[in-house]
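The chains carry the letters A, B, C, D, E and F, assigned in the order they are written, with residues numbered from 1 in each.
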C-alpha cells in the first residue's frame, strides 16, 4: 500500500517555463478556471514566482519520513507537493531538507501543513507555499507514498503535473494539457496587454466589454 | 432591486486628508471605539495609509460584474468597498481593474472577499485590504447594486462615508460626522505626543493616569 | 484573587542569550518537542529573533488595565506575555505602551489577542507576536493578575520562564531547565552544521540517517 | 454616546405571525435574497421557529450589563438581538436572564457571542441562536446602547425590525417592508406547494422550469 | 468544458449494502485509512447511516443550476455529491429538490457548501452531510458539469464511487475496489466483535494487543 | 521523557458528586471565572452532565498508543483527558476503547482532537467532549505520557483535577481547591434559586441588583 513510483513522466521544460511567465491567475483562467489550491496556501516570502514538475508525497500527520524518500526522486526543476493523510500543522520541512533539495536541483515545496526555519529558507531563496508556519517537530515512524495522485489543499495533483505558484497562490496544470494551457495563457496575456492600455487611457470596462445593453436587459436601474 | 446611485455626496477632501494623517487606531478611538471592519481584513502590502470616500458595491458571490459598473461612478480620491451577498473568497479584482481605477483617480479597494495579481497591484502601489488573496476567477451574470448601504466585514458602510485604512486595518467614518471626528482625532494625537514623551522618560502609566488608588479600591494585591 | 507577584526569579542573562542564538525550532527540538505556542501567533514584522524572561499577564477580554500594572514589574530584558481570560482580538497594546516598555528595558510582547499601531511598532523595532492585528480599543475596568502562571496560545508560561521567538513563532522554556536546554540546543546546532554540509554536497538523508533498511522492513515498495 | 431608546415602533403582530409561518428560507427569498445573518449563528436546540420584533443591544465584549438594561425595554413578543462591539464568545446570557425575559413576554435571543445554561434554556423552551455555547462569565462595567441600529453576525438590524429564526438560521426583515415581504413570502409558499406536487410525481425541474433550451444555448454537452 | 456524463457504471447494489452495514470508520480502516472527507462535513440530523452510488456535480459558487441537471441522471439508490468550484456556503439544496430526488429514488446529498430547509429534510428523512446550514439562495446562470471526477471536502470522488456516510462523517470507496473493501470491512467487524467481548470482560488493550514489550523497548517509564 | 505516573491523588468522591450537581457554568463562576476549556469542545450528544477525576494523556498527533496505556491507570469514576502535542483531528477513540473504559469504571473522555463511532458511544451512554468528530485512524508508534500536567483546549489540567462537563462545555477544578469550590458553587445555586423566583415574578435585574444609580453615574442616557 506504501509505494514509491520512481519513473514518472515530466512536462517539457520549455512548456514549464512558459507557464511560469504567465503566473497563477492567468494559468487558472486559461484552463477554464480550474486547478487552484485553497486560498490558505500562502508563500513564506513574497516575490517568488515559479513553475515546476510535481513530485508528490502522501504522508501521515506529523511524520516527515516520506520527505526523505521523496527527495531521492527529485530531478532538476522539480517541486515537492506534500498532502498529509489527515489535517496537520506540523513543521515537516526546514533548512536541512531545503539544502538537500537544492543540492538535487529541487526548486520549492507546496505543503498542506507546516514549515519551519522561515528565515533560513528565505535567505536560501527556497520558496514554500504552506498552510502554516510552525516549528513543531515530526517523527519518522509511519510509511506513506511518493508519486501517487494526492489531494493537496483541495486540488488533485498527479506526479508530473505542473505546479505554478506565485504571490497569488498555487495552481496545478495537468501534464497532458500543459502545452495547450500555455498556449491559451500566453494568448490571454497578449489580450490583457491591449486591454490594459485602453483602461489606462480612461476607457471604461463597461464600454470595452460592451456590457451596457446586457445590464439594462437584466434590469439594472440608474437613479 | 438592483440599482446604481449616481450622485452621492462626498466629504470635503481637506477633512479626508486630516483623517488620513490620524490613522485607523486614532480615528477609531476618536469616534467612541466604533467603525472597525473585522480583523481578517488585511492589506496586501504594508505601508499604505489612506483615507478616501467610499463607492460601495453589493455583489453576488464570485460575480464581479458590478465592479465594472461601480468604476464608472468613481471620482478622484474615491475607494471601492465591496461586500458580497454571501461569503466568498473569489478574486473579484486584479491588475486590469486597478489600472482602470487609477485612470479615474480611484485610490484603493476594500473587499470582504478575494483579490489577485498581488505582485502587480503592489508594483502599481494600488492598496487593497481583503479577506483573502485568491486567484479564483469570477463571472458576470448576476446584478448587484452600487452606492447603497452595505455591511462589509461586519461594519455598515454608506456611500460617501470615509474609509481610513492602514497597516492596522480598516475603519469607516460617517460622512456626517467626519469633520467632528477629525477634530477629535487630531486632539488625541496632540495628547498622545505629550504622553509619549513622559513615558519615554520612564514615567509609568500607573502614575501618569493616576491608576493606583482605583486599582487598590478594586482589590488588587501586591505580593 | 487578583494579584501582582513582584519578585520573580529570572534566568541568567547569559543563558537567555544562548537560547536566542539557537532559535525557536532548535530550542523546541532540544527540549523534547515541547513548549510551542499555537501556530496562529505570528510576528508583526519579519526578522526579529529574541529570547527574554517572561512577565506574565492574565487579563480580562478587551481590558488592558493589567498591562499598565505589569510594566512596572518589567526589568531590563523582560518580555510581556499576555493571555486573555476568554478569547479576544482587541488591541490591548500600541505604540505608547511600547514606548513605556522600551523606557524600562522591555524587549517585546507575546499576546494571545490583538495589537495595534503596527507601523510605529515596526519603526521602533519593538517586536510583537500576536493572534491578531486589530485596532479595537480596550477599557480599564476589571482586574487581572501579573506574574501568575498563564496558558497563552495553548502553552503554559510561568513568570520567569524564557520566551524564545522568531519568524517561526514562539517557544517557552522552563526557567529551571533553561541552562540544560541551551546546552542541548547548541549541541543540535553543531550537529546540524555538519549535516548541512553533507546534504549540500548531494548526500541523501536516506543514506546519512541510514533509513533504507528500516523503510524496507516496514514494507515500502519501489515500483 | 451610550443611549437607551425607549419608544421604538414595532411591526403589527399579525404580520409578524405571518412571517413566522413562512420561515427563514422563504422570507429571505421573498425579500430578494437579503437579510440573512451569518451561517455560524446556530440554534441551541432544533425545532424552534419564531418571528419577533427586535430589541437591539450593542454591548462591550464580555460585558452583559446592557442585557439587564434591555430587558426593561422588552414587550410581549420581543426578541433580544445582541452584537458585541468586538468579537467575543463570552456567555452573556443564561437561565436567570431567560427567566426574566419570559416574565416580560420576551420570546428569544439572537447573540453574536456566547450563551450558557443550555440545558435549562432547552427545558424552558427559550430559543437562542448564537455564535458559541460557552460558560465564560461576563462583567458589568462598561456601558453600551439599547435600541440603536447594530450589525449582528454581518446583518444590519434596526430596533423594531422583524427577526425570523428557525433551524435554517436567522433572517432580518425591515419593519417598513414587513407586510410586503409577508405577502411575497406567502405567495412563494403557495407556488412551492404546487411545485412540490409536480416534483413528487416525478416531473423534472429541467422540464418544470423549462431549462433545457437555455442550458443548450450556454453550451452544456451531454456525453 | 461543461459536460454531463450520462451512462456511468455503478457498483453492485449488494456490495453497497454490505458497505452500509460496516459504517464509515470501519470502511475507512478497511481500505488503508483512506477516503475520508473533511471533518467539517456534518449530518443535518443524527442517525442516518447509508451507502450509495455517487452522481457527482461540479458547480459554480452559489449557483445550483447543475443540481437540476444532475437529478435527471439519478437512478434508484444514488446519492448526489456536490463540490463548488470555489468555497461557498450558499444553500444549493432544499426540500423541493429533495422531493425531486426521492421521486427518482435518490437517497441523499453530500455537499461541500450549504443546505437549507433542515426541518423539512429531517421530516422527509432525506439525509444530507454538508459544510454549512445556510438559507442563502442561489442563481441559475453558469454551467458546471455532472458525473466528472470532483474533489469534495478534500477527497477525490469519481462518478459511480460508493459513498458511505453516517454520524462519523463521510467516506468514499472506489468503485473498482468496493467489493474487496467490503470483504475487508466485514472481516474487521468480525474481529472487533471478539475484541469487544474481551475488553468488556476487563482485559486490557495493553495485554490483548501485546503492547507492553514494545512500549518498554521504546523507553516508556512507569513512576 | 515519556512517563506514566501510576499513583495519583484523587479528590474525594463526595466532593466530585457535589460539583457534578452544580454544573459547568456555576462551578466556573464559583472559582473566580477560571478553568474553562475552549468553546470548541462540544459533547457528542446532549444531556450528559458529569464530574470525574482526570487521568491525563499527552499524545503525539494521530497516535493513540498512550490511550491504551492510560486505561490501565483508570479507576472507578475517572475520566480521560487527552491533549495532542500538536493540533490533530484524528479519531483517537471509538467504541472498543469506550468498552474497555466502562469495564474499568471510566466515565468519559475529554479530547482536544477527534473521536469516532459516535452512534455506538451514544448508545453506550459514554459521553465525550471533543474538538471534532472524525473517523481518521491513528497509529501506535510514538510514546507520550500519562498523568503529567497537560494543556487541553487552552486549560491546564493536572492528573487528579476534577473535570466538570455538561452541555455548556468543560471546566477543570484543581484537586486542592475542589472542596472549597463545591462550597461556593452550592452557595451560588442557593442564591440563584431566590433570584430566579424574583425574576420570574417580573422584578427587573436593574432593580434586584440595584444597577440604576451606577448606570446613571457612568452616563447612560434614556431617550
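By definition in this document, contacts are C-beta pairs under 8 Å (C-beta built on N, C-alpha and C of every residue); 3 or more make two chains touch, one makes a residue touch a chain.
Here the structure is a predicted model, which means the values were calculated and not measured.
Listed here as common contacts of chain A and chain E: B, F. At the interface between chain D and chain F, under half of the residue numbers appear on both sides, which makes the contact a different-residue one. Centroids of chain E and chain F (each the mean of its C-alpha atoms) stand 31 Å apart.
Chain A and chain D have CA centres that are 41 Å apart.
Between chain B and chain D the centroid-to-centroid distance comes to 28 Å (mean Cα coordinates, whole Å).
The multi-chain contact residues of chain A, meaning those touching 2 or more other chains, are 1, 33, 36, 39, 85-87, 89, 134, 136, 142. Across the whole structure, chains are in contact as follows: A-B, A-C, A-E, A-F, B-C, B-D, B-E, C-D, C-F, D-E, D-F, E-F.
Residue ranges of chain A in contact with chain C, taken from their complex: 1-6, 65, 68-69, 71-72, 89, 91, 94-97, 99-100, 102-104, 114, 116-119, 122, 132-137, 140, 142-143. Remark: chain B residues 60-62, 85-90, 134, 136, 139, 141-142 touch chain E in the complex. Of all residues in chain B, only 1, 32-34, 36, 38-39, 85-87, 149, 151, 154-156 touch chain D in the complex they form. Against chain B, the residues of chain A that register as touching in their complex are 23-25, 28-29, 33, 36, 39, 42, 46-47, 49, 166-169, 171, 192, 195-196, 199-202, 204-206, 209, 211, 215, 218-223.
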